[in-house]
Structure formats: structure tokens, C-alpha cells
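Mind having a look at this structure? Questions to follow.
Naming follows writing order (A, B and C), and every chain is counted from residue 1.
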Amino acid sequence: MTYEVQTPVFEGPFDLLLHLILREELDLYEVSLSTIVDAYLAELDRLAGSEARLDLEVATEFLLIAATLIELKARRLLPAPEALDLDDELGLWEERDLLLGRLLECKTFKDAAVTLSAMEGVAGRSQPRRAGPEERFLALAPDLLAGVTPEALRAAFLRACTPRPVPRVEIAHLGAVRASVNDAVEELSRTLPGLGPTTFRRLTIGLSARLEVVVRFLALLELCKLGLVDLHQAQRFGDITVAWSASPDRFAAGDDARISVGVGRR
Amino acid sequence: MSAEHPGAGATETRRALEALLMVAEDPVDPQLLAQLLETSPATVESCCEELAAGYRTEERGFVLVRVAGGWRFQSDPELSAYVERFVLEGQTARLSAAALETLAIVAYRQPVSRSQVAAVRGVNVDGVMRTLQVRGYVEEVARDPGPGQAALFGTTTTFLEKLGLDSLADLPPLGDFVPDAATVEAFEQGLRGTPLPVDR
Amino acid sequence: MSAEHPGAGATETRRALEALLMVAEDPVDPQLLAQLLETSPATVESCCEELAAGYRTEERGFVLVRVAGGWRFQSDPELSAYVERFVLEGQTARLSAAALETLAIVAYRQPVSRSQVAAVRGVNVDGVMRTLQVRGYVEEVARDPGPGQAALFGTTTTFLEKLGLDSLADLPPLGDFVPDAATVEAFEQGLRGTPLPVDR
């Protein structure tokens, strides 16, 4: 009758985060970005490899959370911009508080669910009497079909046969990110081999939107994971050097599907 | 009470009997009770008789009776007046949503087996089907020719009358309703008799 | 037993209660019982409590409990081993972790819309909510008066019965589950992002 936590199958991004933070007893900033991204990609692989359909909402939510974390962390890793954008800074704190609030809320209900399950287990040890009145009384009961119309019956049939609703796919707000990470991977794969060693700072120069920086970071992580790029940071807050490590033909011969980022896979 | 019995085993048997008979919806065969309690049918019979006598002595509002080949709890006939009032006033005068859905499936998919209905509803429907049968809305109309020879159910003339329909052809058409794969599978799966959670 | 009661009236009330509870299909509201017995709800309550205590003393195999706003007979939990053997449906599939978490949110936040639940869970909950509806744990209880008129969900009587609760007020307070100060501090610390070793 005990409640079993299903690890490492994650129900969603909060599950993953809670798992990383609580089970590993790590603080968020000690979770390496690659761990998060690896877990994210592993989750997508699991979904792709299983009977379960890849839920785009889950996938995008993972991406959103990962991006927020990466952004929070990147803030600490990247050199502070010369002129601190106060709005950006405040926005970041807001996001952080929002994330904290959601994590705490999620944890609260997770724990409540364990208790409810235990209560159900205890209550389930008793079976109720549901025999109802003896047959001789049943004739007395009022007409059970009073007021039931043929249309109500039809509605009841449709209700009984209603298929599980197909998860709504709302990607409008994340469509840009999804396309951009793929695009960034492609773009970097084209430009990096001919560029020689460079730095993350240089690669993101001229990018004004935070989102674009994060996306480029994600793209680099993906390339790094695939062994196509070497990332190196000599010192804390130092520049991250980026170097293409694969021979030019390796990418060309590579499997495009592997290169594209998880969300785009189906 | 336990003092009346020679040992802990007898008390346990008596208590288990009371528990089983309390949750049973139909009279329970002493053979089955004996099997469940890992004792002899004779022990079950004597224990039930003893229990029944005890309830009479204690002037309980319920009685334990031997009926239709088994033992069951029922209300003391002397208190019928209360039960009648309860049935008339107390019960909700409508079919539950679950019962209506079950009836609808039988109406539109007849002849259909209990397990097929259960598979579509995703819950055990034995209790609900029994109510529908007792009320005369559905009845057994055939037997499945397959290996299990499951009873197949359909709606009755009473059902048509209650809904003001001349015939089943007058049921509102389902229109462009196409059962999804899961429902179709449920109908098929139902024939294999997969155990399901009970409808509560 | 009747000697324990001052008069014939009390015995009659007790006997009628036992008869009614024996034929009930759901927990019976004390108000309804009082109406049927032409007595006060308080008398019904005290009489039921007395009966329940008596069954315990007599070590009956059944118990009388207050659940989902009413009184009902059920098997003694100590005898679950026998009852489970008999009631196959007792071995219902347990709710998944996802369903339980969703159920917890509905229980504590009701009335609540699907999208509000989804916002807390961080994932789409349509499938899980349907499962909970089909299993009878939650139901649509209202419509959001706002522009979208989203369906608002709440828990059912079945939910109370399954959890052995008399009413929602008996749910353990949500405050019991709010992460303690140390956990909150750890989360905050983590998100504050003190300078850290370089990521590999």
C-alpha cells in the first residue's frame, strides 16, 4: 500500500527539477547545466523510444525550465555587462521567485498526494455494504427513468465513449525558441568549423535578446554533447572558449536527426 | 462474544463470516464461504446458524437468513415499514450518471456482454447492470457464440415505454460519431474479460 | 439488549437504524435517518455511535462508521485478507502518482479549472483529469463565471468514501505539507546563485 515514486520517469519539468534538487540534495547551481540538458534529452529519448507519445507541452515546458535555469546560471558565469540593465536584473529575480514558488507548490502537493494515497490504502481495507434493499422493496422505488429523454441517453452514450482528449498543442509562445535552437545548431555547425577557436562572448556579440543568447548557449551544449564542439572555461567568470572539434566531413556525414535538438524530434 | 467460543480460531471464523456476509450483494454459498475461510461447509453452516440465533436474541434490526442456496444479511421483516419509507423517500429518484451511461451503451450497442460494457466504461458494471435488470430496463437476450458463452444484454419493452420510443430505430442517431480506437479496442478487450476496477 | 434501553421507543429506533443501514447502498445522512425514524438527528447520531461502540465491544466482523456525511456498515479492516479474497474488485488498480498529485490539487484547490491544475503540475492534465472523472474521484461542479466559462472541478462523495473521510473539513490541512523552513531555505539558496565553481 505504499506510494511508489516512479524514478527516473519524470512526469514533467518540476518532477525532474525536484528530483535533481531533492533526491540528489544538490542546490540548483551545483547541478551542472549538462546534467539538466542530459536529463532533458534523455527524457525526450525515453519518450521517443517508448510507446508513449511525445507530449509537446511537456517537452516545451522542459525546455522553458531548462532555459530559465541556464539563464539564471549563465548570469553568474558570464562576465557582468558593463552597464547593468536594471530591468533585466529585476526580471530575472521575478523569474527566480516564480520558479521557486512553483517548485514549492509542486512539492507541497506531491507530499499531500502521498498522504492521500496512504489514507486511501487504509480506508480500502474495509469494504462497504452495498447490497441495497431486498428485491421485494425494489418495485416500490420511483421510476428511475423519469425525466430521462432519448437525447440524454444519446449524450450519456457519447460521454461513455469519449476518447481521451488529445493534449492540446500550444507552441505559439515557444515556436520561436524551438526553431531557433535548431537553427542555431545548424548555423553554428556551418560557421564554427571555419572560424577557429573563439569565445562564447564573441559568438553572442550583437545579440540583444536574452532569449537569443540562451538559445545559442543551448545549441552549443547540444553540439558539445554530440562531441562536435569543445567548451572550455579557464577560470570562474572567464570567457568560455568554443572550438570545433570534429572534422568537417563528420557533420556532413552525420545524421541530421541526431543533430536537431530534442524538441523537434518526433 | 469471543468467550462463547472455545478458541481464537472460532472467533476468527465468526468474524470473517460477518465481514464476508456484510459486503456480499447476493446470498453466499456455504461452499464458497468454507473455501474462503479454509474450513468445512458444516462448520460454516453451524456458525451461521449460531450467528442468526444470536441476532434474533439480541433483537437486531437485521437478520441472517438462508435463502436461494446461501446465507445473507437482510432487514428484519418486522421493520419493513421503515425500509419501504426509505426506498420511497430516501433514494434518489434518478439513475446515477454511471447507470445511465451503462444503459446507454446497452441501448446503442445491443446485444452486448457485461464485460464489453465494463471495458468501455473502464469500470466493473456488475452492480449497475443488476440494478438495470431488476428495474426491467435491460435483459439477457442471447448468449455469445464464442468460447465463454457470455450472456448478451439488450434493452426491454419497458425501457422503450419509459423513454417514449416506439422502437430502437427511434433512438436519436449518433450522427457522425465514430468510436475512437480505444473504444473499439475496449469492446474487443471486453470479450477477453479483463478484470476491471469496480464502479463505485 | 433491549434491557439496556429505557423504553421500547429506544429499542425500536436502534432496530430501525440497523435495518435501514443494512439496506442502504451509500452512507446515509443522519438527517434522512431522523426523518424516517421521526426523531432528532442528535438522537440518530448518539444511537449510531452507541451501535458502533457495541459492535466493537462484541468484536463483530463488521463496523459502523461515519463517512462521506453519513453512516454505513463496512467490513472490519482487520479482516481485509478474507474480504479481498472474496471481493475481486477490491483489488482495483491504484491511482498513478500523476493522478494522485492531480487529485490532491483538486481536493485542496476546489473548485478549480483544468488549466489551473495544469499550471501547478507544469504538464497537461487532460488525460489524468478524465481518468479521475471516470474513476469517480472528481466531477465538474461549476462553470467559471469568467469569459471562457471554463469547467470547474471538485471532489466527489466517492472521493470522501475512498479516503474514509466524513467531509472535506477532515482533509489534513495543506499547511502540513508545505516544505519546512530548511527546505525553502535550500531552494532559495539554490536559486540565489552564490558564486560557484565553473560548470564543466
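Everything below uses one rule, namely that a residue touches a chain if its C-beta (ideal position, glycine included) is under 8 Å from a C-beta of that chain, and two chains touch if they have at least 3 such contacts.
These figures come from a predicted structure and were not determined experimentally.
Comparing the CA-atom centres of all chains against that of chain B, the greatest distance is found for A.
No other pair of chains has as many C-beta pairs in contact as A-C.
Every chain gets a centre from its CA atoms, and the centre nearest the mean of all protein CA atoms is that of C. Remark: chain A and chain B have CA centroids separated by 46 Å (rounded to whole angstrom). If each chain is reduced to the centroid of its CA atoms, chain B and chain C end up 24 Å from each other. Taking each chain's centre as the mean of its C-alpha atoms, chain A lies 33 Å from chain C. Multi-chain contact residues of chain C, defined as those touching 2 or more other chains: 22-24, 62, 73-76, 83, 87, 90, 161-162. Looking at chain A, residues 127-134, 137, 164 sit in touch with two or more other chains.
Of all the residues in chain B, the ones that touch chain A in their complex are 22-26, 72-75, 80, 83-84, 86-88, 91, 93-95, 97, 99-105, 107-108, 120-121, 127, 131, 134-135, 137, 159, 162-165, 170-172, 174, 177, 179-183. Residues of chain A touching chain C in their complex: 3-6, 11-15, 21-22, 26-30, 32-34, 55, 57-58, 61, 65, 72-73, 75-77, 96, 99-100, 102-117, 119-120, 122-134, 137, 162, 164-165, 167-168, 233, 235-238.
Considering their complex, residues 1-2, 11, 14-20, 22-24, 36-37, 58-62, 73-76, 78-79, 82-83, 85-87, 89-90, 98, 121-124, 195-200 of chain B touch chain C.
Of all residues in chain A, only 127-135, 137-138, 140-154, 156-161, 163-164 touch chain B in the complex they form. Within the complex, the chain C residues that touch chain A are 21-27, 62-63, 65, 67, 72-77, 80, 83, 87, 90, 94-95, 97-98, 100-101, 103-105, 107-108, 120-124, 126-127, 130, 161-165, 172, 174, 176-179, 183-184, 186-200.
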